[in-house]
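Take a look at the structure below.
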Amino acid sequence: MSLSKFQIAKRIAQELQDGYYVNLGIGIPTLIANYIPENISVVLQSENGLLGMGPFPFKENVDSDLINAGKETITTLKGSALFSSAESFAMIRSGRVDLTVLGAMEVAQNGDIANWKIPGKMVKGMGGAMDLVASAKNIIVAMMHTNKKGQSKLLPNCSLPLTGQHCIKKIVTNLAVIEIVDSKFLLKEYAPGVSIEQIIDSTAGELIVADNVCQMKID
Amino acid sequence: MKKVYKNAEQAIFDVEDNSTIMLGGFGLCGIPENLISALVKRGTRGLTCISNNAGVDDFGIGLLLKTKQVRKMISSYVGENAEFERQLLNNELEVELIPQGTLAERCRAAGAGIPAFYTPSGVGTEIAQNKEKRIFDGKTFILETAFKSDFAFIKAWKGDTLGNLVYKGTARNFNPMMATAGKITIVEVEHLVEVGELDPNEIHTPNIYVNRIFEGQNYEKRIEKITTQ
Amino acid sequence: MKKVYKNAEQAIFDVEDNSTIMLGGFGLCGIPENLISALVKRGTRGLTCISNNAGVDDFGIGLLLKTKQVRKMISSYVGENAEFERQLLNNELEVELIPQGTLAERCRAAGAGIPAFYTPSGVGTEIAQNKEKRIFDGKTFILETAFKSDFAFIKAWKGDTLGNLVYKGTARNFNPMMATAGKITIVEVEHLVEVGELDPNEIHTPNIYVNRIFEGQNYEKRIEKITTQ
Amino acid sequence: MSLSKFQIAKRIAQELQDGYYVNLGIGIPTLIANYIPENISVVLQSENGLLGMGPFPFKENVDSDLINAGKETITTLKGSALFSSAESFAMIRSGRVDLTVLGAMEVAQNGDIANWKIPGKMVKGMGGAMDLVASAKNIIVAMMHTNKKGQSKLLPNCSLPLTGQHCIKKIVTNLAVIEIVDSKFLLKEYAPGVSIEQIIDSTAGELIVADNVCQMKID
């Protein structure tokens, strides 16, 4: 009864606030765009040079000169702005992006994140992830609680090469919403049908259960 | 002082072996297709390519990898093609991975006469190894230097014969900074227009940065992932 | 999240004494006329103004000098007015002079998350005193840091209600970098237009940098030196 | 029989080459624009954000949003480009401007220049001069050979605060064309009707007369 990736996206969409500028990473984060509450307006930043990313185009409107950072064809919206990669990362580094959501291989209880390299395997590169985690004011990690082998991805320390240090404050997984406070994982919400014991068992790092822990509200 | 060349072959007449070349583009979007093809034809070897990505097996910088003309790639994200991976694993290819924002800023610095700058990107990671660290206002930054390159290969949408450029959509990406950063900047445009046709207020790259320009041919403008509603 | 304000008075409601304010413009070209007037009316004092110039006796920042609201000017070229000179000679005003390119780049750095950078400008002059020097490729550079400012007062030609901006002619000057560099960026435009009226490909300042925007009134746009054929 | 400021400008115009990007300072340098040879094309850069500066406007076309670095109303040309001050000085610092011409109060035989500050007098600022002299590949100083008191402006060392160090290679005055070679002034050309002795007398720094010294060609 853990969450699907769509439900993880839905839960994170609840974190959005009116007027937010948001950068969504590849994978689950991208799905969040589908669940933006109708009563607020947020602007999506694509780090390859677009502010105000629209939905995928209709077939007849596909434009090879208009892609997102995941290299998918997209559209602009009224009010969009186009710019260079240098300008794009100027925005990111100067902290103008209100919320960054990205995936991770590992998150440590001190806020470290690893999501770009597995030693011994083919390394494709960090893309914009290191810039994003180094500068974002507000980062949420969207990921499965455990990896394909069933091992916890919430660790006392990251074992993989880091993407960024002490930068993660919130994690939304298929099992739980967890904050990082005082270098410990703090369980704030559990997924419907998931027990706190199951979350404790699935978390290798030190996990504290918040006094006001509650069940996630997901349709 | 004529900047206009007939085609890509003529525009790269002096690109020699072991050159360092910046190439604009993000994925396959906004890449200098004609210049890459001409470089394949020319057979120039030992190249160091500074480019955000490395193309796919049969398009973009992938074409230069297939012919083993590339000695080193400096990129933020690579490996969308099998030949790249094969060469890397066989130590036939050197790869330097750089955070995308740092890659962009090192190009910008080169074109702005800034030899080095501090950035937070990569602090606490292996990117920061052997780099000077410094604290400003309680936060740690690392020192990064401007790139040096012999040539910049740029793709723009429109350009006039003096070298003023306008890009289209997200095909802009790395092109504007790289256009400022090449010792010699060579530009291919989809539409070469007469001086006076571009509004001075809407120019993305001012002509002073452009050394050579030509109208490209047979643009394929391949899309990596066609996603539709 | 409404960015649109009715007028300058409302847009500067929280500008307090002793604030540091960046003001766009070169000479009297592209200065935020409405914001300056509103600041005079508000009577905010002890200001540090970062602006390339300091206006003339009865226009631009000169108006803030006359009312003694300015404690310190950070500029590249000043003194086009008598009151400025009088206050400076009487030690009523502090002035920090900075090479124009360094002034521009320190604004750009602030808006780009770059805390410091090396530049050749001023090496071997009194500007370099007490600044860190460093040699890159045999040439000496000095370290300069990003500006910090509480507010940026920007003048654009057109802006949409989301905050996208387009400048006109050489009234662009310092406005784009300063627009990125204010903790709170307040923009006055000659024409406030609906979202969708500006071409995404022709925007000079993307909306993410703009916190507040309003349509200015009664632009004088005074010319310092009318020169004609 | 020394040159007028117009003739100094005319002589410097002979240094222009086809395709040059040129930044002209305030004063005599500005006049050079009137003497660009017809068979070449040069692009004038104005550091407040314009490449391709045109002539002064006709009265009916004066535009308050279009001025040069001297704050005079100007025009654009076909092929002009407008940009920010940061972009403008990016061009300058990266050495893309082929020739910079500016005035000076003093030039030293080692190439130092002083043109922005007289201690004890009102200091207006260096504007863009320090950036220009720090980065230009090719700088020509346009000035009178002596100051209003008749004192030489070509000195063994600058007495005034410097604008830039070791950066000047050529000086055109009302009396002569002088290059700086091996930290000495090298007299290359004398103005019509001006004797070499007069130039030597008017030059406080060490002056060598070039073997091929000749009379300036000025209409």
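Letters A, B, C and D name the chains as they come in the text, with residue numbers starting at 1 for each one.
Just so it is clear, a contact is a pair of C-beta atoms (placed from the backbone, for glycine too) under 8 Å apart; a residue touches a chain by one contact, two chains touch by 3 or more.
For clarity, every value in this text was computed on a predicted model and none was experimentally measured.
Trainee: How many angstrom lie between the CA centroids of chain A and chain C, rounded to a whole number?
Mentor: Their C-alpha centroids are separated by 36 Å.
Trainee: Where the CA atoms of chain A average out and where those of chain D average out, how many Å apart are those spots?
Mentor: Computed value for the inter-centroid distance: 56 Å.
Trainee: Distance from the CA centroid of chain B to that of chain C, rounded to the nearest Å?
Mentor: That gives a centre separation of 33 Å.
Trainee: Which residues belonging to chain B are in contact with no fewer than two other chains?
Mentor: Within chain B, the residues that touch at least two other chains are 105, 112-114, 119-120, 168-169, 201.
Trainee: Could you pull out the residues of chain A that touch at least 2 other chains?
Mentor: Expected reply: 50, 76, 82-83, 86, 89, 92-93, 135.
Trainee: How would one label the connectivity among the chains shown: line, ring, star, complete, or other?
Mentor: Graph shape here is other: it fits none of the named patterns.
Trainee: Which two-chain combinations touch?
Mentor: Between chains, contact exists in these pairs: A-B, A-C, B-C, B-D, C-D.
Trainee: Which positions of chain B touch chain A when the two form their complex?
Mentor: Contacts found on chain B: 26-30, 52, 75-80, 85, 88-89, 97, 99-105, 107-108, 119-127, 157, 168-177, 204, 221-229.
Trainee: Sort out for me which residues of chain B touch chain C in the complex.
Mentor: Touching chain C from chain B are residues 105, 109, 112-120, 134, 136-137, 139, 141, 145, 166-169, 201-202.
Trainee: Contact residues on chain A for chain B in the complex?
Mentor: The touching residues are 46-50, 55-59, 62-74, 76, 82-86, 88-89, 92-93, 112, 122-131, 134-135, 161-166.
Trainee: Mind listing the chain A positions that touch chain C in their complex?
Mentor: Interface residues on the chain A side: 18-19, 21, 41, 43, 45, 50-52, 76, 78-83, 86-87, 89-97, 135.
Trainee: Which stretch or stretches of chain C touch chain A in the complex?
Mentor: 1, 110-114, 160, 162, 164, 180, 195-196, 200-201, 203, 206-209
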